[in-house]
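To start, the structure itself, in structure tokens.
Letters A, B, C and D mark the chains as written, and numbering starts fresh at 1 in each.
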Amino acid sequence: MTEQEKRIRIARRIALELRDGHFVNLGIGLPTLVANYVPEGIEVVLQSENGMLGVGPYPLEGEEDADLINAGKETVSELPGTSYFDSASSFAMIRGGHIEMAVMGGMEVAENGDLANWIVPGKIIKGMGGAMDLVATARQLYIAMEHTTRAGKPKILHRCNLPLTGVGVVDTIVTEMGFFRVTPQGIVIEEIARDFTPEQVQAATEAMLIVSPQLRPMPGT
Amino acid sequence: MTEQEKRIRIARRIALELRDGHFVNLGIGLPTLVANYVPEGIEVVLQSENGMLGVGPYPLEGEEDADLINAGKETVSELPGTSYFDSASSFAMIRGGHIEMAVMGGMEVAENGDLANWIVPGKIIKGMGGAMDLVATARQLYIAMEHTTRAGKPKILHRCNLPLTGVGVVDTIVTEMGFFRVTPQGIVIEEIARDFTPEQVQAATEAMLIVSPQLRPMPGT
Amino acid sequence: MDKTVASAAAAVADIPNGATVMIGGFGLCGNPENLITALFELGRRNLTIISNNAGTDHEGIGVMLAAGQIKKMISTYVGENAIFEEKARSGELETELLPQGTFAERIRAAGAGIPAFFTPAGVGTVVAEGKETREFDGRVYLMERWLKADFALVKAFRGDRWGNLTYRKTARNFNPVMATAAHVTIAEVEELLPPGGLDADSIVTPAIYVHRIVLGAGYRKPIERRTVRKG
Amino acid sequence: MDKTVASAAAAVADIPNGATVMIGGFGLCGNPENLITALFELGRRNLTIISNNAGTDHEGIGVMLAAGQIKKMISTYVGENAIFEEKARSGELETELLPQGTFAERIRAAGAGIPAFFTPAGVGTVVAEGKETREFDGRVYLMERWLKADFALVKAFRGDRWGNLTYRKTARNFNPVMATAAHVTIAEVEELLPPGGLDADSIVTPAIYVHRIVLGAGYRKPIERRTVRKG
């Protein structure tokens, strides 16, 4: 699979979790792709932590507005129903638990739900932006990431090695290999991509996976 | 002096403290009268803690608007430059020390600046409204009150007897008898009404007054 | 996504006995009149009401008080209501009085995910009794906790079907902050518009905070103190 | 009452060396371009800058960084600036990185007179090092302090001579909250109106927070990531 194929598979699967009327924050990068696969007939409202509720698609060429960007600093558009607010109000909304679902990339997830995704090893620290607030307080935190590093090392671990973004915050992980829930007992694989076996998934995972008795094929694979 | 004459004298004197561009909160009752005596040529902006900056005069008959009241629940009008905000924002403004001057009535003031003005003895407790927030955080707190109770008892005391509204919060007291500053040394009389002698003022005051070496006649008397 | 509910009665129908309910308004200004009437007519009892005031004897929350539906009131000033006095005196009604800024900020904190904060208001007064104090930069502050509700009944001027709200003049007051602090927020509006009908830069309550929206009718808007000047 | 100042240069002239200055904007969106340029040209040094980002190498705060005017940056994300990296690595620039919600709320707390509050963001991470933690209702929170500045430089869309401000789309971001948290707040606007020119219900920053107001000119509004879709 190409990297792009993996990313699309992950984004499509997460999009199936969306429900009509959900207010959702999509992180920068892969999570942003989820917006492209919102199922027909449901309306989802995207929050951007720089102060916007109701983020629309990228603008048409020539309609870019420098005053209208998302948290990734990309030009976006507004929708009927969009609202704007300041950054303190935006994080009050986030911290107050009003965001039903946040989707974020991950570098490492531990079996207890710890997440590390803000310091890239060997690079200068750029800052956590809004990630620590989002992971601490979203009602459901989905991590959208490739199952292993480019070097093929597992990213779902016993314990995170990198500096943490949040402690025990991850609810769900979606990779190109499957759909995983973080539970008090450990990480449960609930869906597996048709092109992998449970053994292959475990081999690419440091944490010991619990195979759900209702293990299903992952939709879209 | 009639009660109304006393009230007008007090309000007029406090109005002389106003400076161009001041943001001021006037309490219910006597303090509200201060707005009638703003000196010519200066512009003062009145804050009302129910969520308005730039309170205008009472409306013309027939122009009352039920959606436009002050904190005393009186109908008021708006001015060019008026803004509205919610109650949490209003008290953020107050608590944050942005109000230059608050004027409030008083039942008792102690020589250390303690204030009691929210529980009327013998009556059921109605609540403190915004008084505790205002007295704790206005940059300058003026107490506008008659010098004695209706029974002729002093209201400027060694210690307050009534439940407090704030501890050490009063900066200035204006009564029909004079203009008083609360200082670390005690209460200093800086201005005296022409119709009273220092002895008369002291006789109506429980706290020991310090007579300012620059004692002046109170303007407007 | 359409949060419109056909009637105020339908919007409040699932508020149970014993619920904690925030009600917007300052005095009778900016009251959710239709929702208060609907809650009164629903006849629920043992309610805890969080509202700045308690209405008057014949208006607003006062009507529910008179009917004995309210177990406890959390307010800042209740001076306009003789029935309140009577019930508080007899012990039939439990009351908690707070400084208005503390009241507003505790509600804001609930909506903003802040379990506790420090304020200078009330230090050294009865309000401080039993509360933790702490010094910062040489000044003493009280620690105050967030204040949440099961339901919030709010009144806005205009709203859209997503739940975005705007307010008119001082009828805004506690409505926007209460809208953030309840498990279920029910808004009534004087005008209901399709999404896009409100100016995006002027929306005060973003749709995320509002769960149900009702088009109000028959607003009475009583004035407590009609004060006018000569022309 | 007229808070208008004739030029950005005049508006910032009394900012001294060593001052703590908040600067609004999210990336290059909603930056007070005229005021940043004026502060750069004023040549003050040893500044502590509180701003969500550090501009880019050739835009915004990045220009002051390159000129060595900044001693310390308090920010949440500085990933768009190679000069920043270099100066931070060499130790020439002191940096403090905060979770964005904590950063915003600390500034809001300063404006709102709240010396400290509790937040769940950053618990168990490096952000928690040296900070007090406390459990409320079974969850652990960090205590965070208010964050104040000597000056705030903010960008609004429209303003009036009293100092009332409104904002346009996501250029609002940190501007309104920083406007409340400094000893002196200086605003620049694209349109300057007489009082009454703004809708009273739609004003975002009430005049009380703004000490000086300047009509900006020549806005460049660079876009960091131009993303478009096919028509």
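Keep in mind that, in the parts below, contacts are C-beta pairs under 8 Å (C-beta built on N, C-alpha and C of every residue); 3 or more make two chains touch, one makes a residue touch a chain.
The structure presented is a predicted model; accordingly, all values stated were derived computationally and were not measured.
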Does A-D or A-C have the larger number of C-beta pairs in contact? A-D
If you average the Cα atoms per chain, which one ends up farthest from chain D? B
Rounded to the nearest whole Å, what is the centre-to-centre distance of chain C and chain D, using the mean of the C-alpha atoms as each centre? 33
Per the centroid of Cα atoms for each chain, what is the distance between chain B and chain C, given in Å? 28
Between chain A and chain C, what distance separates the C-alpha centroids? Give it in angstrom. 36
Counting only residues that touch at least two other chains, what does the list for chain A look like? 78, 84-85, 91-92, 94-95, 137
Counting only residues that touch at least two other chains, what does the list for chain D look like? 105, 108, 112-114, 119-120, 157, 167-169, 172, 200-201
Sort out which chains touch which and give me every pair. A-C, A-D, B-C, B-D, C-D
In the complex of these two chains, what residues of chain A are touching chain C? 20-21, 23, 43, 45, 47, 53-54, 78-85, 91-99, 137
Per the contact definition, I'd like the list of chain D residues that touch chain C in the complex. 105, 109, 112-120, 134, 136-137, 139, 141, 145, 157, 166-169, 172, 199-202
Residues of chain C that touch chain A when the two form their complex: 1, 3, 108, 110-114, 160, 162, 164, 180, 194-198, 200-201, 203, 206-209
Any idea which chain B residues touch chain C in the complex? 48-52, 57-76, 78, 84-88, 90-92, 94-95, 114, 124-133, 136-137, 163-168
How about chain D: which of its residues touch chain A in the complex? 26-30, 52, 75-80, 85, 88-89, 97-102, 104-105, 107-108, 119-127, 157, 167-177, 204, 221-231
